[in-house]
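Shared between the two complexes below is subunit A, which has subunit B as its partner in the first and subunit C in the second.
Let's look at the complex of A and B:
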């Protein structure tokens, strides 16, 4: 049903290139995935991959400070980057006649970031990132949920144990030498995937890619991940944590360890998340957001991460006047109900998944990012067309089996945020 | 083999391709509903928007939140379907239906696979015409909205926005309240009031439909006739009273959040309506001031000062004069500096013309960015709805680039002087009062008042 065309190439320096032409609209997306994320950070340098991402926007050999932003804006484009556990991506979407500008900018920083790096820029972006942490995490109700969940779900030696944004202390410790080392180790063409998606001519694009990226030398082999990446399939116990905060409503974050993204059973977990909480006919929504109105809201998500194990995380806010015990029992009750989930519930979930998947693929930037993702994580860009088949083929039996195998009391963490005022009583 | 040197120059840019914004095919159903359709040959999906010209501004302080609560509960039951039946029917066909009220409109939206559009339209029509707001659902939904308000007040970002609206409009206009209402107003809403709002406003001659996606423009009219058969009526006459708010001298309104690592600050005043003849110069001006990453405010506060993750300014263009608001979340210790520098930037843009480079960057950002806006069926439907709602004219998107290009530095300066009076800005700070009160008083831009958090 989905037939997004693409072709793949590999330059001599190891850069993998994916080209997906679609000439219906005069826009083009340039997308780069570097195969480095917070998982690659060594102890004492948490948050560095993300801080480094900020440095990538501070200019390069032939681009002045903020020049990257200004040039893209002048071209009527948008741009950004993001850092996560497994990867860092950089992307711009431009009117199609500006493709060459987008490629030149990405190549200039891949090949020549270091000459533009200064202590002043590092100090400034360190402040920006610390403010980002304050804004997203420290000054936000429930703001440090992902940091706490990662610490509960992964042992200290696992690369996912620490948060992507990092600690204030480690950010303060980051030096210009760290920037250089990080760049030389990870920001090399052999550790990257470049995708171009949208309105362009394949031959012309290949020639431009060769002209701008071909001259960048390959880097050394990328070191293996620090720490220990293998974890048992199941945690072996339930872990609990309660955090008092200045909030009005308690919130529960319930996480189960599941197989990593790519594993067959991951897809069953992905469908289970939809059965539980997506759409108003989902189990938790219809029974407890509507129904007995115990919950204010509910969300469930299977993280698409690949190192060792992933997590199925469900969070729900409790309505005023409802006890935490009752809310927790309600949520756990629907996990128990998965053992007898019906064909109708699973069919609805699959249909919702398909519809959302198609809606997402309307955007060139989303298609480009997915092509980069499938190439980086699985060396298989064709998944942009076949991923939906994997999800569609999940059966009711698969969901029940995933539930009985992984969604039980010996394999989860239970994180509660509670109003400070309550705790005082 | 030595790698070849990379080209050092910025590549030359070829001329841009001509962009033709999509145009809608217009038809009117026998019940009076105007239907605008854009047929697209892309993915097999369809977006349908049903827009009623009644939103949050249709109420008053006593009924604030009515439009939003009605929209929120419109799918909680109809004459023939329970809420579960509605939800299950939608989920089964993989369709998504939402309803939301803005200030000037209520929109019911449907996103569906084109193969299942008939079933989707049936459900959409059912709630539009026959929503029943079952009493138990109403009670539950009102409680949910009240809990939402509690959560909003916990969030310093949202709290600052609400306080800003209150500081600018006070009791003079409903824009001073949250669009979703206050605790007091929502608590007083009754099921009959929602039924009445739905019966009075969800009418074919009080709105229009926009459809974009994999449909046949000719045949979709017949489908809609069938789906909406039996529907009739108009809405009330639109209230076009201009927003009048007394000018108040600059003052700082401080809401205490003890121990907060950051202050959320806002600076604002009354802006202009969407119909303002100054619209294009104002948008260009705002892009330069705080409407892009390379804007004056963001570069000064984030890239140079390191005070914040991001600073911005924006105008809310509504049927009435929505606010101009600028703001950021800044490290507590630099709250006074960040506000002082923001006021400097606002002052500066009213004193001197912007540079040629800034003008070029802003206008090109707007003009060349246009094709992206039409990338998805949902995006196209929204853009067509916007011109229909505000009566901007069928050729609006065709003329857009020319109208932006016609803006020069002189027009930007005039627009800035007309809209940004630096002597009558209201400033809100949500932060650690013990740390920031002293420095804010020392700023000397106006008195510092303690403000109770809006409810």
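Let's look at the complex of A and C:
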């Protein structure tokens, strides 16, 4: 196994800094995680955290409109941002002699976004985001699955009840005042982690970080999450939803409530997802894609989310001519089979996970993002090296115990997408 | 706010960069081995590239190259597909198989200590596939179901149909690798056997290893598994594709009720080895190949019509398409097409300013080391050298060739290779809503139902 070196610092304004030097290639990744995501949105403003992310690319005190993209691309770098339930991240990968440019750009928007904000920019990015929603969700078969699953799996007062992309209506309601307020509330150094990974001198980088970020004042304490974050361990019943769509093949999304990311049992769920559906020797693939050809494709994923409870979501597309009842019974059958899963199945899953870990850590951008994530979620960047041990130490008994504790009929939602013609017009 | 610095800091000292130099050798049986040492983590990327892409299937058997590529691991050397899957995955190895127009590919990234047993398994599936009848039928049915899925998905549908409208179904460049339903339906195990027998040989196979391995070990590891492979394929030379495009026209494929239109605007481009390759890359970066391209700054950042728009040349052995693609809100479909054509005419007629050209050069040259970090990225690059008959030291001169492109070059290649008067357009969207306004922009339109 490999060991990613790093050191951590905290500036007086609360900004946590992770530096991980690797001088083999002349490139550097600058990565910022703000500890804010769709979970922080207030009622009537779903989708706002993501719309706000777009506004972060519209210039700041000393950076012109689109200057952020233009300067990074001119430098030979790549960049983007993304918003999820628990966080919003911003990242650029650059030829290493442009490290200072990346830090300056990130500091300028952390310290001075608001002077550059205009109604015209907000209206433009609102249109862009509405088109993003059409593209990802509304004009895409099965496109609203995450929205529907979140609504089924979390009660209305829970911060995960609504999706990251949000509703068109709420996007329409977003105002410039919302932008200011959101920025002042969440985009302060004390609510962020900055990671630099790649080709740099640690002492030099630290002094640059101090120069550019040190003068940004700390923000007020960040308010606690809206709504009610505690949910029972188990849902207590099965909930079902059937959605008719203009599709040829039905698809099942089967979701179980599991302990949140960070809990020991979460790692058993992560391994269970691999046992079930990763690779051609996985239970679902070998028995129902290859075996009796009931399924066209299958995937399973334990969401790495931390508030209250997470989800193990499995989706499977049904082969033409196969009934939904038969497909559902087949998928559920493999969840039952987890109760007596073998060492061989679990060992296979662990080996796949280990190989992926080694392949993933090749890129400075991926390493930087993981360091920011572990620092933001657990205040523990060392997890970049130790998380794999948590996964490696999951035993067959752990997977069985997760299955008997959490993967039963009283703790799941069953979401079906079905072709229009099967339900009548 | 006073703490912020008003000026962007200048760059520091440029650090030198050289991409690892690949070593290319041929085994006695004709198989090509390419290796490159690049040890970031202890993994090796393996790309097996076989000259058995869709250009080698007959139009009547469209989909056969994919069927063969995807059936290789369905049973080999007397072991079942399930047994093979266990053997790979016990090693922690997941393989990816795929046929493209130009080649069949099998790829994986593996921990270096698992390289030799992985290569042994790969040799079994490449050299000794059994094509069990029941498994081949299942893979064929998966392809048929995938064709249905691509039809339901507007993005995939638009991608497939623009090729169909440019080249036609009988050209390998004109159809999706997965094939066409009426032709896939009749494919059999015997077809797969014949295609393998006639088309897969050491002469036509390249094994690329990039990562934590030196050239000597790489050669020995491949030789051990593939060195005694004796198989001749004396078949015909590689058939040509892409050489007889259809007349340009504007097509709307009706998906009633669509909230967006998937737009593809295209014409035939040039082959990968064209001497204007670098100037075209720079020109396209300015036009639609980067976030700050003219098209994206207009359609997204100025008008808010779309989440994004991009353009690009598909560089292949023969001229692949040059395509502009975007998805826009239904009601602005005609305005978006009008804007795309306006930008294309502008680039064709006037080229680009010095500053735009300099920015694009710096971007394309600068991102090379960023896009050569992983073993897999390097293996892809070095497989391309073989695919397009480029020399081993090709990437040594790559960044200099980009930096040598001038504004005059950009203006010239725009004039020579962009064809604003010869555009094929495919829009997948709500015909009732978009047809009339779009006809006002582009003239005559043929409206088609979604193909069944």
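Quick notes on this one:
By our rule, the second predicted complex is superposed on the first by the 424 of 425 C-alpha atoms of A that agree within 3 Å, B and C clash if a C-alpha of one lies under 4 Å from a C-alpha of the other, contacts with A are read in each partner's own complex, and residues count from 1 in each chain.
Definition applied: a contact is a pair of C-beta atoms (placed from the backbone, for glycine too) under 8 Å apart; a residue touches a chain by one contact, two chains touch by 3 or more.
None of the values given here were measured: they were computed from a predicted structure.
On the superposed subunit A, the positions of subunit B and subunit C overlap enough to count as a clash.
Touch criterion not met for A:203: it reaches neither subunit B nor subunit C. Of the two partner chains placed by the overlay, subunit B and subunit C both lie in contact with A:290.
When the two complexes are overlaid on their common chain A, residue A:212 makes contact with subunit B and with subunit C alike. When the two structures are aligned on the shared chain, A:115 is found in touch with subunit C, with no touch to subunit B.
With the contact threshold set out at the top, residues 24-27, 61-62, 65-66, 69-71, 73-78, 93, 95-98, 100-101, 104, 107-108, 111-112, 123-128, 130-132, 134-135, 138-141, 211-212, 214-216, 246-249, 279-281, 285-286, 290, 293, 296, 317, 319-320, 347-348, 351-352, 354-355, 358-359, 361-364 of subunit A are in contact with subunit B in one structure and with subunit C in the other. Against subunit C, in their complex, subunit A makes its touches with residues 2, 24-27, 61-63, 65-66, 69-71, 73-79, 93-101, 104-105, 107-108, 111-112, 115, 123-132, 134-135, 138-141, 199, 211-212, 214-216, 246-249, 278-281, 285-286, 290, 293, 296, 317, 319-320, 347-348, 351-352, 354-355, 358-359, 361-364. Listed in rising order, the residues of subunit C touching subunit A in the complex are 1-9, 11-17, 40-43, 73, 81-82, 85-86, 88-94, 109-111, 114, 135, 138, 141-142, 144-146, 148-149, 151-155, 257-260, 262, 290-292, 297, 300-307, 327-329, 359, 362-367, 369-370, 373-376.
Listed in rising order, the residues of subunit B touching subunit A in the complex are 3-11, 13-17, 19, 41-45, 75-76, 83-84, 86-88, 90-96, 111-113, 137, 140, 143-144, 146-148, 150-151, 153-157, 260-262, 264, 292-294, 299, 302-304, 306-309, 329-331, 360-361, 364-372, 374-378.
Contact residues of subunit A toward subunit B in the complex are 13, 24-27, 61-62, 65-66, 69-71, 73-78, 93, 95-98, 100-101, 104, 107-108, 111-112, 123-128, 130-132, 134-136, 138-141, 211-212, 214-217, 246-249, 279-282, 285-286, 289-290, 293, 296, 317, 319-320, 344, 347-349, 351-356, 358-359, 361-364.
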